[in-house]
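After this come two complexes, each holding subunit A, first together with subunit B and then together with subunit C.
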Partner chain A sequence: MTVAVHKPHPHDSAPLHVSGKARYTDDIPAPAGTLHLAFGLSPAARGRIRRLDLAPVRAAEGVVAVLGADDLPRPVDLSPAHAGDEPLLATGTVHYLGQPLFLVVATSHLAARRAARLAGIDIAGEKPVLTIDDAIAAGTDLEPPLEWRKGDAEAAIAAAPHRVRGRIEVGGQEHFYLEGHAALALPLEDGGMEIHASTQHPTEIQHKVAEALGLPMSWVRVSVRRMGGGFGGKESQGSALAVACAIAAWKTGRPCRMRYDRDDDMIITGKRHEIRIDYEAGFDADGRLLGVRFAHFLRCGWSTDLSLPVADRAMLHADNAYHLPHVTIRSRRLRTNTQSNTAFRGFGGPQGMMGIERVIQHVAATLGKDPLEVRRVNLYRPMAAVAAGEAAQTTPYGQPVEDSIIDALVDRLAREARYAERRAAIARWNAGSPVIKRGIALTPVKFGISFTLTHLNQAGALVHLYQDGSIRINHGGTEMGQGLNMKVAQVAAEAFSVPVEAVRITTTDTARVPNTSATAASSGSDLNGMAVKAACETIRARLTRFLAERHQCPEEVVRFSEGRVHVGTNVLTLAEAARAAHEARISLSSTGFYATPKIHWDRTRGQGRPFFYFAYGAAVSEVAIDPLTGETRILRVDVLHDVGRSLNPAIDIGQIEGGFVQGAGWLTMEELAWDERGRLLTHAPSTYKIPVASDRPRIFNVALWDGENREPTIYRSKAVGEPPFMLAISVHQAIAEAVAAAAGVPFVALDAPATPERIALAVRNARAGENAP
Partner chain B sequence: MVEISMTVNGKPVTAQVEPRTLLVTFLREHLGLTGTHVGCDTSQCGACNVHVNGMLAKSCTMLAVEADGAEIVTIEGMAAPDGTLGVIQQAFQDHHGLQCGFCTPGMVMSAAALLRENPDPSEEEIRAFLEGNLCRCTGYHNIVKAVRAAAEAMG
Partner chain C sequence: MYAFEFVKPKTVEEAVAALREGEAKVLAGGQTLIPTLKQRLAAPEKLVSLAGVEGLRGIRTGDGVVEIGAGTTHAVIARELAGAVPALAALAGDIGDPAVRNRGTIGGSLANNDPSADWPAAVLGLGATVVTDRREIAADDFFQGLFTTALEEDEIITAVRFPMPKTAAYAKFDQPASRFALVGVFVARLDGNVRVAVTGASENGVFRWQAAEAALGADFAPAAVEALAPPPAEEMISDLHGAGDYRAHLVKVMTKRAVAACG
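And then the complex of A and B:
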């Protein structure tokens, strides 16, 4: 029996959230005299800065200082990839409309923003590279195209009895974390700097601030209590604010803070990568995929940022849950004069999966089959069969899939959601419905867990047991709403067998736990949970040894259970044990460390075992569309998702629901638009629509798969942050089914997002015998 | 500068403000009531919701001077003076109606306004009423559940 893990504890900050006491970065009370910052932004997407007249900015009311690129103590490259292509302030040339050109330091947020508009800016404009087509024409690849091959896809396709080819275009997505980016820098007495930032990656900020100021990392301390959402958008893109605050604080000697106004946040920061996928597949009469070729084209924006690993992960999920015996995946990463696209929940994985799911839909339509039948014949060989001695099938990158439960999961979901029955009923309903049409689809998810950059798969922790039996834990992960701190606290409570309330967990701080990885790749509780567990076990082992000696008994009779320490027949509270150990001069504090085992990866060859394990899930979505207006409604969603043995089922279900709705937003309503000058037109929630409460599925059933991770992860749980996002692909597929029904054709190549406009056009074009737009 | 007076969470407040000061700025920066959040700056997200004379209002869309003489209640005024959470607050906690929590104060203020107007709303009515409150984390499912549960608890 566990005392703390596998239980549905509410979020640890819930009482603070509901009472308005929870402090986000911009809520931290700042000392008197704190200055406020704003960036002056480029009005052009591409060109050379001919003149930048900052005199009117300097003269504006409330302005204390104005810094251009030349006023920085040293050149600053914010690139998380150390690519050298991301100056804090533009130097000579501009690369997107919205790029920071100069920094205003003023007495208030409003004064800084007003002054930032006053610069005289003259840019010799050049025609910007905005779209994927522009970038292909201009050949603006960030690196040479990457190609991974397994078997001989070309020959397999040529020899296959059936073939399809096509293209899918999938749009980007704004993170729209409810809390925009924010940072606060406090200059210290000795020249050091203390930073508070809304970031998923405090160590990265520490590193960039240290570099910008020419200080050792040890002189910079970065802490983050919580974020109001991150979703990947705060993995690298917060550096600009923190570094700007640090430089301004260093120049003025005063505390400096900055928050992006929502419009600025959307105009300045990067988003999910838009992708184009060209595909060709050869298959047999059952729909079994014999050979598949993919060509990915990603729109990366103006700088490298995290685009290379994002594009890699798209390739790594080009198979989703399907065994592809012969496959070639080619990927081009294209630089454009737009915001620098970045991490976003799934990190390219969702884009990669859209390709293979489209292939399946296309194949099924060609054969006149239910897409689920085609999915089933292609799913990876089950874990049970592998355990019984059959060879594990390998991914396109050579990793054997040893833990697949997707076939059984899909079977159970199809049964419980009555997929076949409902599909037949929908076909009958559609036949009798003159206008409104319905569609249903079941799609699986197999998502690889681990950072693909192997060295990031490590975490540290620092745990203190105090003399009164209370426990304080520190780890390198950051809390952005995902419930990481609660999960990790549950792990610590379990280790000492005390109630979770006995464990205190607070701010993530680079001075307590150094050299952390970003809280990303769904890895937060996997990595930090293990590190905290290791630290707790060290302390527990010291207590055990001490108590065994004191009571003259073997260590085996010392047990921590049900809130007590049992030494044979003696029963102590944890406080009594801690106090006695302290008096005997035993250390009650320990660090802990974890490095994910088994993984190795060669990205150029596309070979290795990049993932420790896979997380699985599937969803059935039913939608209705009105082909005249293009409006859609999600009528019902059933989800069955694998989180191993859940550390906290309430938090996990919340992640699944939230991820699904966010994914559905990406694929149905969230549309980014730029004009021909490269100006982002959708720079506020008035023009960029994220799901609201009334957009949700009418019926929404979420269940957890009952199983455990076959790998020894933290209490056999699985990561949950990203995988559920991709369950929403079922919504897009269901819409495409409904569109095909409305047009009276077997197949429509529907792009994403499937906005009302795109749906109405797709129906009209398909009826006219053309392909979708 | 103009002088304004109002009651905030039951306490009288008098201050000198620039006429262009937004109510949300006044609450956050002058009074230190940072539970009222700014999510969009443009009256779309509802994170800045407060009650002005018992009516739900987006405090980023109102000048502080417009609230002169008014009774304002913010999220900090929703718990009992001894800190005991109100029914709606407790329901958001118990039903996991929050993740990052940034939207939560605005959601609680909206829910309170709804339940005052309509003590027994259907799920449909709750969803329609909350259209002016954005949440990027939860998918709204548990938020709606929390509001329903609060309605039942207030019976």
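And then the complex of A and C:
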């Protein structure tokens, strides 16, 4: 029996969220005299700055200071990859339309923004590299193409009885966190700097601020209470604001704050990588994949940012849940004169999976089979079979898949969602429906859990037990609405066997827990939960030893149970135990640390065990399309998802629902558009459509797989942040099925997002026999 | 927003007089003008608010005519015309969001003549009459291209007079983010003729699709539209929300839907 974990506690901030009391970075009351910042942005996508006249900006009302690149104390590179290609302010050349050129420091947010528009800017423009085709033509690769090979794909494809080849193009995605980027810098008396920032990565901010000011990291403190959504968009992209605030605060000696207006946020910051995937597959009459080749082309934007690991993760998920005996994956990471694409929920994984799921759909259509049949014959060998002595199958990068439950999970979902029966009914319905057509698809997810940069898989914690029995926890993870703090508080409560209300959750603070990794890669609970558990266990062990000594009994009879400390037949409250220990001069505070075991990875060779374990899931989506207008409705979705033994089923189901809807938005309605000059045209909710409550599936059944992580993770749970995002691939596949039905053809190569326009034109073109590619 | 003078006259005559002095603009519901000022895309010296002018609001029906005061909000029209002219009520009730519907007015929308606005389709589709402080303008003469109308600089719309149709319907395909019409088609059967007006689609603003009017005049059924070629794609708007040929295709689809909705 557990007292706190495995229970559906509501999000600790839920009452604050819904009553408007939750405090975000820009809500923090600032001291009198605080200054406000805004960037002046490049009006051109590519070129050389001939003249930058900042005199009119300096003369504007309320302006206190204006800084160009030459006015910075030292050159500032914001690149999270230390690539040296991401200056805070443009240095001589501009690389995208919207790039910060100069920084305005003024007495109000509005004064700063107004003044930022007054500069005289003369740029000798060059033709920008905007699209994947432009970048291929110009050869703007960030690094030489990366290729991983397993077996001999070319020979296997050539020898296969059947072959398909094709291309899928998948658009990017704006993060659209409801709270935009924001930062506040408070200069300290001795030259140190205190920063509040809306960031998933406080240590990165600390590092970049220290570097920009020439200070040791110990002189910079960064804290974040919560974000209003991050989704990866606040992993690296928050550095610009925080560093700008720190430099301005250092120059003026006054507190400085900055927030991006929504349009500026969309114009300045990077998004999900757009991808093109060319594929070729050879297969047998059952649809078993014998050889597969993928060529990935990713639009990375103007700077390196996190593009290399994102592109790697796309390759790492090119197999999704399918065993590929012979496979070659080649990846090109292309620099373009657009926003610097960055982390976004799934971190390239969703893009990689779109490729193999398209292959499956293409294979099934070629053979005239139900795509689910083709999926089933290709799923990785089950964990049970491996346990019974069969060899584990390996991924394209050589990691044995020892924990696959995907076959049983898919079987249960197909049964419970009545997939076969509904698929047959839909076929009959379509035959009798002159206009509206339906489609259904079941797609699996296998998602690798761990940062692929192995050293990031560590976390620290600091736990205090006070004399009154109350507990305060600090850990390196950040709260962005995902419920991390509640899960970690449950872990602490469980350790002391007290109600979760006894645990106080605090702001994430680099002065309390140092050298943290970003809260990213779905790893927040896995890493920080374990670190907090270790800290709690240290304190509990000290209490145990002390109580055993005091009561002259063996340590084994000291038990923390149901809110009490039992010492043999004596029963104490935690407060009584803590007070007694304090009076006996026992430390009631401890750090804790965790490093993920077993993982190692060589990205150049594409070999190793980058992931501690895999999270699994599957979804059945049923959609209806109107081929005349191209409109779609998601009629019903059934999800069965593996979170191991859930730390908190309420929060996990919320993450699954939210991830699914966000994924469906990516694949159906969210469409980014740039003009031929490189200007982002979709920079506000009036032009960029994200899913809202009315866009959720009409029927939405989410269930958790009943099982536990075979690896010893925190209470045998599994990470949940990213994996459910990819369940929405089932929506895209179902739409493609419906489009094919509408056109009366077995297969339509549908790109993403499947907007009404794309669907209507796909139906029309397919009917006319122009089935691209 | 730049500084401007603000006046709030009590009569139409005073409003017209105020418009004649300096660079002035009429402020009705402000749903377009205020954002335009905020973005500094317009810099009038003076705003002449119609909020204090008596007699510009309200709906009168009778003698086969519906007359809507120019200052009547979309929300009021949606509510009060639901029984008398459902097509107009439905159109009004699907404009923007509740905030827009409770502030925005029919007169303001017509004077602005946004190529994606809904009201121009209804006014042209019903062959309504635009009543101003000095004259009456037939719908066919009123709309003169993107954001351009027959109105003089100092002329104020006071009302719009719609003939009661036998049947009418408006079919709109929303641009999903903004809910402006990507394509909106108003179809009306009047005494002796059929009118089809299209908004959202054309580079020249609202227009009558005369081929459809002729076909529907002979046979008022969706099938009559099915046989037609869509309007020329090259005359349609092509932008980030949709290419010209998609819009042309939607004109045909929405026309059929409007005809079907007429019953």
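Basically, the second predicted complex is superposed on the first by the 771 of 773 C-alpha atoms of A that agree within 3 Å, B and C clash if a C-alpha of one lies under 4 Å from a C-alpha of the other, contacts with A are read in each partner's own complex, and residues count from 1 in each chain.
Assume contacts are C-beta pairs under 8 Å (C-beta built on N, C-alpha and C of every residue); 3 or more make two chains touch, one makes a residue touch a chain.
Since the model is a prediction, treat every value here as computed from it, not as a measurement.
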Combined model on subunit A where subunit B meets subunit C, clash or fit: fit
Subunit B versus subunit C as contact partner of A:Met669, first or second or both or neither: second
Touched partner set for A:Glu179, first subunit B, second subunit C, both or neither: first
Partner chain(s) touched by A:Pro685 [first = subunit B, second = subunit C, both, neither]: both
First (subunit B), second (subunit C), both or neither touched by A:Ala425: neither
Partner chain in contact with A:Ala408 - subunit B first, subunit C second, else both or neither: neither
First (subunit B), second (subunit C), both or neither touched by A:Leu628: second
First (subunit B), second (subunit C), both or neither touched by A:Ala575: neither
Residue contacts with subunit A in the superposition, subunit B compared against subunit C: B
First (subunit B), second (subunit C), both or neither touched by A:Leu215: neither
Distance of closest approach, subunit C and subunit B, by C-alpha atoms in Å: 7
Footprint overlap on subunit A, comparing subunit B with subunit C: 685-686
List of subunit B residues in touch with subunit A within their complex: 20, 28, 32-42, 44-45, 47, 74-76, 78-79, 83, 85, 89-90, 92-94, 96, 98-105, 108, 126-128, 130-131, 133-144
In the complex with subunit C, residue positions of subunit A that touch it: 628-629, 669, 671, 673, 681-682, 685-689, 756-757, 760-761, 764
Partner subunit A, residues of subunit C touching it in the complex: 173, 176-178, 240-243, 245-246, 249-250, 253
Parts of subunit A lying in touch with subunit B, wherever the complex brings them together: 8, 10-11, 13-24, 26-27, 29, 110, 175-180, 226-229, 231, 261-263, 480-483, 650-651, 653-655, 657-662, 684-686, 690-694, 696, 700
